[in-house]
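Both of the next two complexes hold subunit A, though its partner changes from subunit B to subunit C.
Now for the complex of A and B:
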């Protein structure tokens, strides 16, 4: 088990390391002069631009820049944003709790709704319940998340006025979390259904039934536990999707997380902030997938003991 | 080693046997409900794109084609927007952009992903390990973040968004191709071709490629829906289509501040996206069932 955790941590480190290389290269791929693009809208003289270039280290060879970047990184310095001139890490950390709250609550909604729907569909396989659940799931997969968000906003905030349009407190979290959660529940429902169908067809379930165990025990202790294994293995990816989906949904609901920040950064070409965001995102997703993999190993002894 | 050309050809024939027969494929596609509905939706989309100048009642860019913010009526079936433009005409013309997005984005990711996956899967050893590790890492960054990074490099705009989405999905296609190649490499026809002394190019392009294609057609069709959703999302965020392009995602973003006054501006473009994406999803599922009847039971 210790070896397994170590392996997963190492893989996460490799991901983060590749992200550091990617963000260093990124600024060099910008056609033209990135400094001019970034500061073009400000009143700057050629001398000032040159000074900025030196300050950002862009006058150095790329590998020197990379080493400088790493050196500052280990000190927790991700540079300063261009718009607002604040430390990038501080800006990201101030905004992150909002994104985390959104992602975790929508993951919860996705799991509860998606898995129950998928489980029900598999259990009632071939009936109208199954067909209905799967039609719902494919419609859910096909709907643009942000449109679902706008529809929910229109219905619950504007027409019925049950919930606020925006704000920042827990009540304004409900609609974005519901949007992101329901959109991803569709994916989980399809996944759970096919995993459960595989399980229901297996010998040990037939044996459990044949020896007269109560149906609830067969369902929950035998089928559900082993059916969950492949689904849980996908949760790491689901978390990454949700983090990505949050970027769009935060903008629909004016939810002040890192996703909204990222879009502002791309629109204003704030490269230090864009670089910081990509690295931050990669790190959060990599660490979350380590945590989920460890949870997965507890569920599936084959991994723990291999 | 002596290369007998006849044994190599025999192996080629064996490989060809794996390709599905055309006629039964179409019949199976139309016979499945998802395949049929998907085919119809996609056909309607293509027709709308081709015939847009004929069927659209107004010029999609013409301001004041009617009064501003008119609810749906006989003159304007889906109402008018805040500039008095006819919403249904904009949606019909938007089909052109949507198809373009699907073709360009999937074209990029399919070509690059296919090559990467083929090379990685065929080469094995260190090349494979490094390539696939890189693909896995990029995959974990998620498509939207890669697309954002690309847009940060190229600058915003619809064409750049299409390219960005294409690049962002390369890891996915590479992964799928790689896993299909691994399965195919273990099959007798491939081993026979290797034993017969077929060269690298022959093995990759004559044996592996044709057997990867069916899976990629399915993935590519489903991928069109992902690309359309992603492009609509980017346009919604202001990173893709720019005014006055009649792009559906962009139309949704301009409806945002008028939701309570003009809900039709939000409902119809969203429906257009959802139906189109659903169509490609169903078509993809239908093609999968038609290619592999065992899938039907799932």
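Now for the complex of A and C:
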């Protein structure tokens, strides 16, 4: 098991390392002079622009820039934001709890709704329940997040006035969490359904039924537990999707997390903040995948021993 | 303003629903003394020396005050400074402050605070708008209410600058490292309670505030107790929040303005004299726009009036001048005589003279910046240009990128691709904008000419208003006749406000500065 965890951590480190290369190259991929683009709205003289270029190390060859970046990185220094002149890591950490609250609650909604729907569809395979659930799932998968968000906003905040449109307290979390959760529940519902259908056809389920075990024991203890294994393996990916979706959804609902920060950074061409966000995002997703992989290995011993 | 009102939705009768609805209304609709203003983005800094965005300036206006103040027409007059005298050579200005101005921390505001502000703007970490202050060499305190500013050379935009938010007066007690990020001590109508970055700025009314010169009825402290400035990036979300009463004032989505007007549930308010100018400018360092005929052809081939009628439905105006409405020197009749009325035949003649024709269209690229339905405008102009034989592709980018790209285009005379042109936008409170844009090397290293440079220098060194007007108009004539800077429309961005009917007295001062001094919120909306 220790070896397995080590392997997963190494894989995560490789992902993060690739992200560091990507963010270093990023600033050079933008058409035009990055310093001018970043400071274009300010009254800066060519000398001041040159000084900024030197300060950011952009006058150095790209590999030197990369090494300088890595050196700062290991000291926990992600640079300073252009807008507001704050340490990038501090800015990200201030806004991250809001995103974490949003993604975790969305994941919870996605799991509860998605798995229940998928399980029900598999159990009632071929009936109208199955068809209805899968139609819902297809609609959920196909609908863009922001569109679903605006629909929910229109219904619950504007028409029914049950929830606030935007704000800062816990009630403002419900709509964005529901939007992200429902959209991702659709994916989980389809996955759960196919996993459960496979399980229902297995011999051990037939045997359990033939032994005369109560239906609830067969369903929940035997079928569900085995059926969930492949679904749990997808949760890491789901978490990454949710983090990505948060960028759009936080903007729709004015939820003050890192996703919105990323959009603000892009709009104000704050490259140090954009770079910091990408690396931070990659790290969070990589670490979340490690945690979920480990959980998966606990559920399915075949994984950790293979 | 449309004053039609609509009553709040009746609450559902079901007890459970009624309870949640009541909770929602209770928590979201602000009390009578509180006003919520939602905007698409947050400020960059509370420090007026460390940001340049309109979003930031609009907040500084609430926290700080300025030595002078613009009237609704955009002319500067007394405010914190009750009077001033200029020396004969125009290099020394002696100001007298009003008595009794208090900083938010309870200290008295005096000439030392003015010196602190100006010295800071020229200090070790100078203001991002340092050059706008003019060639100031010294500020000396004569007595607590009198100070003298010395300039190295005459500067025509000096007094207007002192009415602009960039010159916001900062109290000299702002010495903490937190100044600009979590603290800000000014003398303005509101006191900073809290800035939750990315989310909300909470301001309380300053009971000691005296309005000496702002063009609003209320001469004392604001009527409202709290002003909450909230960031709600998505336009549809802002509109929903306006409709539920969670927000009182916000910029509505453009495409919904007609529906909002016809529903009568919100008032629509359009800011005037914003100083915002949207205009054509060209890469003159290489063909085709190194030839004046190509620039004129674009001007003749495009019809801004028709475009704004279709796309903005009467919410903005055709702007003939290179300095927009509200700015000294703006005169539609004067500018129109040098303007380019829509005339596609004339455009085709000019293009034919240059050797272009139906089988040989003039190729170019139009740069436009994102937002405000400008992409629709660009498509409209693209089709008008196609009709005369100009094949213009469109590139849409954010404003910072566009600033950098335009400069790069001008600085690349040897590129193989045809020169570009762009729908540029600038806002300024003084015709000095023309100096910043077109005096060599200029903001974009674009059109440069020694004759124009000399004329622009005169607009800076001429102080007498009548004489200065003459100099400014000479520059306007030159820029238009040479098809360098062709005005399209004004205002151009973030100038429309949707206001809840229970809000009275909301006004937008010149140069897009919303003001809350006269605002009252009637309860129950």
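A few notes on this one:
Rule of thumb we're sticking to: the second predicted complex is superposed on the first by the 306 of 306 C-alpha atoms of A that agree within 3 Å, B and C clash if a C-alpha of one lies under 4 Å from a C-alpha of the other, contacts with A are read in each partner's own complex, and residues count from 1 in each chain.
As a convention for this text, a residue touches a chain if its C-beta (ideal position, glycine included) is under 8 Å from a C-beta of that chain, and two chains touch if they have at least 3 such contacts.
Just so you know, these numbers come straight off a predicted model, no measurement behind them.
Partners subunit B and subunit C clash in the overlay (superposition on subunit A). By the touch criterion stated above, A:243 is placed in contact with subunit B alone, subunit C being left untouched. Looking at the shared chain after the overlay, A:153 reaches both subunit B and subunit C. With both structures placed on the common chain, the touch criterion links A:264 to subunit C but leaves subunit B unconnected.
Residue contacts after overlaying the shared chain place A:289 against subunit B, while subunit C stays out of touching range. Of the two partner chains, both subunit B and subunit C are touched by A:251.
Shared-chain residue A:161: touches subunit C; no touch with subunit B. Touch criterion met: A:83 reaches subunit C, while subunit B stays clear of it.
In the superposition on chain A, contact of A:281 is made with subunit B only, not with subunit C. Overlap of the subunit B and subunit C interfaces on subunit A: residues 30-31, 146, 150, 153-154, 158, 251-252, 263, 267, 269.
Listing the residues of subunit A that touch subunit B in their complex gives 14-15, 18-19, 22, 26, 29-31, 138-139, 141-147, 150-151, 153-154, 158, 194, 197, 237, 240-241, 243-245, 247-248, 251-252, 262-263, 265-267, 269, 271, 274, 278, 281-282, 285-286, 289. The residues of subunit C lying in touch with subunit A in their complex are 9, 11-12, 17, 20-21, 23-25, 27-28, 38, 41-42, 44-45, 50-53, 128-132, 181, 196-200, 230-234, 236-237, 240-241, 243-244, 246-247, 398-401, 403-405, 407-408. The touching residues of subunit A, counted against subunit C in their complex, run 30-33, 36-38, 40-43, 83-86, 91, 94-95, 146, 150, 153-154, 157-158, 160-169, 171, 251-254, 256, 260-261, 263-264, 267-269.
On the subunit B side of its complex with subunit A, the touching residues are 133-134, 137, 140-145, 148-149, 151-156, 225, 229, 232-233, 236-239, 249, 252, 255-256, 259-260, 263, 266-267, 270, 273-275, 277-278, 281-282, 285, 298.
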